[in-house]
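Below: the structure, in structure tokens.
Chains here go by letter, A, B, C and D, matching the order in which they are written, and residues are numbered from 1 within each.
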Amino acid sequence: MQALLDEIIEQTRPLIGQGKVANYIPALGGVEPNQLGIAVYSNDGELFTAGDAQTPFSIQSISKVFSLVQAVSHSGEAIWERLGYEPSGQPFNSLVQLELERGIPRNPFINTGALVICDINQSCYAAPSLAMRDMARRLSGNPGVVIDSVVAASEYEHRARNAAAAYLMQSFGNFHNDVDSVLRSYFNHCALRMSCVDLAHAFSFLANQGVSRLSGERVMSPRQVTQINAIMATSGLYNEAGTFAYRVGLPGKSGVGGGIIAVVPDRYSICVWSPELNPAGNSLVGLQALEMLSDRIGWSVY
Amino acid sequence: MQALLDEIIEQTRPLIGQGKVANYIPALGGVEPNQLGIAVYSNDGELFTAGDAQTPFSIQSISKVFSLVQAVSHSGEAIWERLGYEPSGQPFNSLVQLELERGIPRNPFINTGALVICDINQSCYAAPSLAMRDMARRLSGNPGVVIDSVVAASEYEHRARNAAAAYLMQSFGNFHNDVDSVLRSYFNHCALRMSCVDLAHAFSFLANQGVSRLSGERVMSPRQVTQINAIMATSGLYNEAGTFAYRVGLPGKSGVGGGIIAVVPDRYSICVWSPELNPAGNSLVGLQALEMLSDRIGWSVY
Amino acid sequence: MQALLDEIIEQTRPLIGQGKVANYIPALGGVEPNQLGIAVYSNDGELFTAGDAQTPFSIQSISKVFSLVQAVSHSGEAIWERLGYEPSGQPFNSLVQLELERGIPRNPFINTGALVICDINQSCYAAPSLAMRDMARRLSGNPGVVIDSVVAASEYEHRARNAAAAYLMQSFGNFHNDVDSVLRSYFNHCALRMSCVDLAHAFSFLANQGVSRLSGERVMSPRQVTQINAIMATSGLYNEAGTFAYRVGLPGKSGVGGGIIAVVPDRYSICVWSPELNPAGNSLVGLQALEMLSDRIGWSVY
Amino acid sequence: MQALLDEIIEQTRPLIGQGKVANYIPALGGVEPNQLGIAVYSNDGELFTAGDAQTPFSIQSISKVFSLVQAVSHSGEAIWERLGYEPSGQPFNSLVQLELERGIPRNPFINTGALVICDINQSCYAAPSLAMRDMARRLSGNPGVVIDSVVAASEYEHRARNAAAAYLMQSFGNFHNDVDSVLRSYFNHCALRMSCVDLAHAFSFLANQGVSRLSGERVMSPRQVTQINAIMATSGLYNEAGTFAYRVGLPGKSGVGGGIIAVVPDRYSICVWSPELNPAGNSLVGLQALEMLSDRIGWSVY
């Protein structure tokens, strides 16, 4: 495994330069593009890493998995009255579908759905951002996980489209808390800084029937894990979920910080990271690395 | 397994009456609704059946898998210049997305995509309908598989929406053969009559790395099988692909005749059938039966 | 004329009860539905009234004409870089078109366009709401015109959809001032209370080549008047602009308070009012009254 | 008037070269672009012409007015059960709106609406194309008006998008005759060749309360004329109806052959022609000429 990871890093690193670092906010645009890391954590407790696997980055939409886990944990199936689990077939931030479907987002991994999940969580936690940060610390086993307040503030400043989505849902009665407060929580979650190793550790429960391999904590039931993995498999990569299934064949979730997590059910939790994105907003080199990895070991679940 | 299938049939049969037989053409509307069958075919060559597993029915959109296999076989990756493999997020027969995306269908399992696949196949076979029928006979091992010409004629008569889609794609330059001829082929494919046993046999290669368990014929490469299964997993059940992943967790494809095929990679090919549909156009009882089956054995790939 | 107005009031009053008072905010829903008024003001300075022509009501979207006149007055043709003057073909508050057309509203008489106009005006006036109120007082000759602060506050509380539109435009770079401040101005404008007589007086300049018949003030040039009347003719009644042209044949603008103003170029300014709306959001009895009036005198400009 | 027309021709001719001749079919693309004509026919029976006013051209969508007049003549208000008279706010050949509004076209001057009108007429005439040609001959007083069969055949060959629209309407039950036959009629109508003088003569009844100034024939009632003019005013120039109202201020109808007819109610029928189109598909120089004409004489109805 270690040799394979090293080989993949070596073979995919030359692709750096073909993508484009997210620059919709200055705080993200400044990241050094020439970085690439991978971490694979097995259910046996073995950790394999290569490249910049220890460097923290902005997890961005990968935080949507944490949020969903929180919401499922305290509210269970009831959350599905507020949103669906179908692929959207639309760019990740489109309002067209949201309006046509009367304020019910397609799934929890597009921005609109994640905002509804944050709204649900906002009703359950006194300090939602701290609850999320503490969960990330606990599951990753890294007490140094922090929220990057500069990134969070910059996201808030450029909140226009997410604010539009939240108000549109409010107009359909599908947003219950103060829009501004939920947006602040949402941007705090996105601004968590974690490394590939942190994330591979943190999501081990998705590969291990709901029990964190690191801490032994039961996070969810085995059935809930297959459900969350199913949603990642059909909706985890924005408008490239089908491509990810076709090329990689694993449940996964990406963020515009360049990270992608993936799960080999019952075996491994994985995280790759490289900041440059393809036109669909997913890490260009990260995708390539995951495809090689999955192809070489034959990990596709299909 | 046999006991489980019998139990599932017994427990789900009472749901008959809650759905609605497809009636957009008279020839389909006349089917006896009170039918339910299941067939499971293992890579060891064992066949398990329960209920009306030997009764032929109209396979309808399940034929889209046959068409795609044909197209991949003779044209390989080149077909993806003509269509995608992303979920559509739209009702199965919507033209809105097709127009906004300039005549490129989202995937081969919505009607528009299947029409493009038929157009591709039309350029390769002298007699496309016979080629398809013979493939179905060969893979199912049943020389009695026939095209129901009454159903095909009735579908042709009610071709308006599919004709609209084909002409719209032609207007974007993404349809090369005579619209009418392709429509006739398409409806012939949909009008194939096969039983659950036929279909479980026919699709064994999708559970067996591309080799038909019945005949030993290599139909595709292992890599191609994971790709086709991936497309079924993300787009096989129209606007309920996410729901199918969440509830059943297997690659699958449904038809408005009430059939659903599913694949447990490396282990089983499955077909259930019950004519009544839910509002999304998928077999209501069939879905329930598959969910029970998958849940009880823990078959979800996620 | 007086006899005709009386007859129209008498013949259309029985239609009261067929429509529905706007009730999206409590402050509007409480209006007494059994009211109907009409005022016709000629370029000769004659005023004809019938029914409840002196009763002030919430002018709502009729204020969009005032806003547009302000914007044209200080910024001229430059405003058309920020929005268009084409009919929208969409419900008055849809965001679909706004997103597809990248934040450029179709015209100044749908909500999104009026918000852009308010944003333009916000950059020009120290106190936009007072500037608007004073303009309404001056043009109507009624110093008693006021902003109903209860209505304005209630609209603000239910601002979700308009806030969504404003933020969506901001995300496309087509909104320059603080969203909240502009929304407050916008709702203040909508909450102006004026009577049929006030409005017939106020809009006399649109029937009089740009000169207020009441005060003699030149408000705009003759060319600008034909332009504003043209926009009212093609876009003044939301999704019923075509119907209004077909049935009435005059430039006009409606509001959900039940008022409709209309212009007979070079001859008359008109206002009808009855609170009950048809499904398109226009005064049901008001439309009928205007149709009778226009038909009987042969006022259609077409 | 004559001097003004000559001046307009002289001043606008230099704009030739800025537009683009319609080239979606070869038979249209071959027209000499350097042509410009205008004809104005007064209710006093005076005819003024300038430039290439006697040169026949392909009237294309101007034929939609003839079709609508036919349909209104034999079926009256009943036609409005099959289509509307609202502006579409969409490109002239979009199917998106048609699907969302379940097969009911917005108005008779977009392609989909004109196809429904042709379908209505097809049920009323034994030989619809000849009926249309004879009507054009009678109203223009020119027995030499013919259908250009090369253009009609070429349009038929490139029928894909119109065929798609017709089948889509059929799928909603809003198309009653054989699609192919109606398409042939539709393309024959579009392929009529008439000059500016022919068209100014032919549409004199729209400026003359329904009576042809040329022949004295009553074509429609005065009320019907205001209705048809109203539809032209709000929907006659595809996605530029608002612009035409803003700039010209007259009811009008354009065709991709480069012709535009316009009506000064109770005074003049007008036709301009120049083959090059602007991006919205309307004659670039023709629009400019009409704007100058209307502006100089103060013809805007608004």
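Just so we're on the same page, contacts are C-beta pairs under 8 Å (C-beta built on N, C-alpha and C of every residue); 3 or more make two chains touch, one makes a residue touch a chain.
Just so you know, these numbers come straight off a predicted model, no measurement behind them.
When each chain is reduced to the average of its Cα atoms, B sits farthest from chain C. By count of C-beta pairs in contact, C-D exceeds the other of the chain pairs A-C and C-D. With each centre defined as the average position of its C-alpha atoms, the distance from chain B to chain C rounds to 55 Å.
Between chain C and chain D the centroid-to-centroid distance comes to 32 Å (mean Cα coordinates, whole Å). Taking each chain's centre as the mean of its C-alpha atoms, chain A lies 47 Å from chain C. The set of chain C residues that touch two or more partner chains is empty.
By the definition of touch given earlier, these chain pairs are in contact: A-B, A-C, B-D, C-D.
Interface residues of chain D, counted against chain C in their complex, comprise 84-90, 97, 106-107, 223, 225-227, 229-231, 233-235, 239-243, 245-246, 249, 251, 265, 295, 300-302. Those residues of chain C lying in contact with chain A across their complex are 94-96, 99-100, 159-161, 163-168, 170-171, 175, 179.
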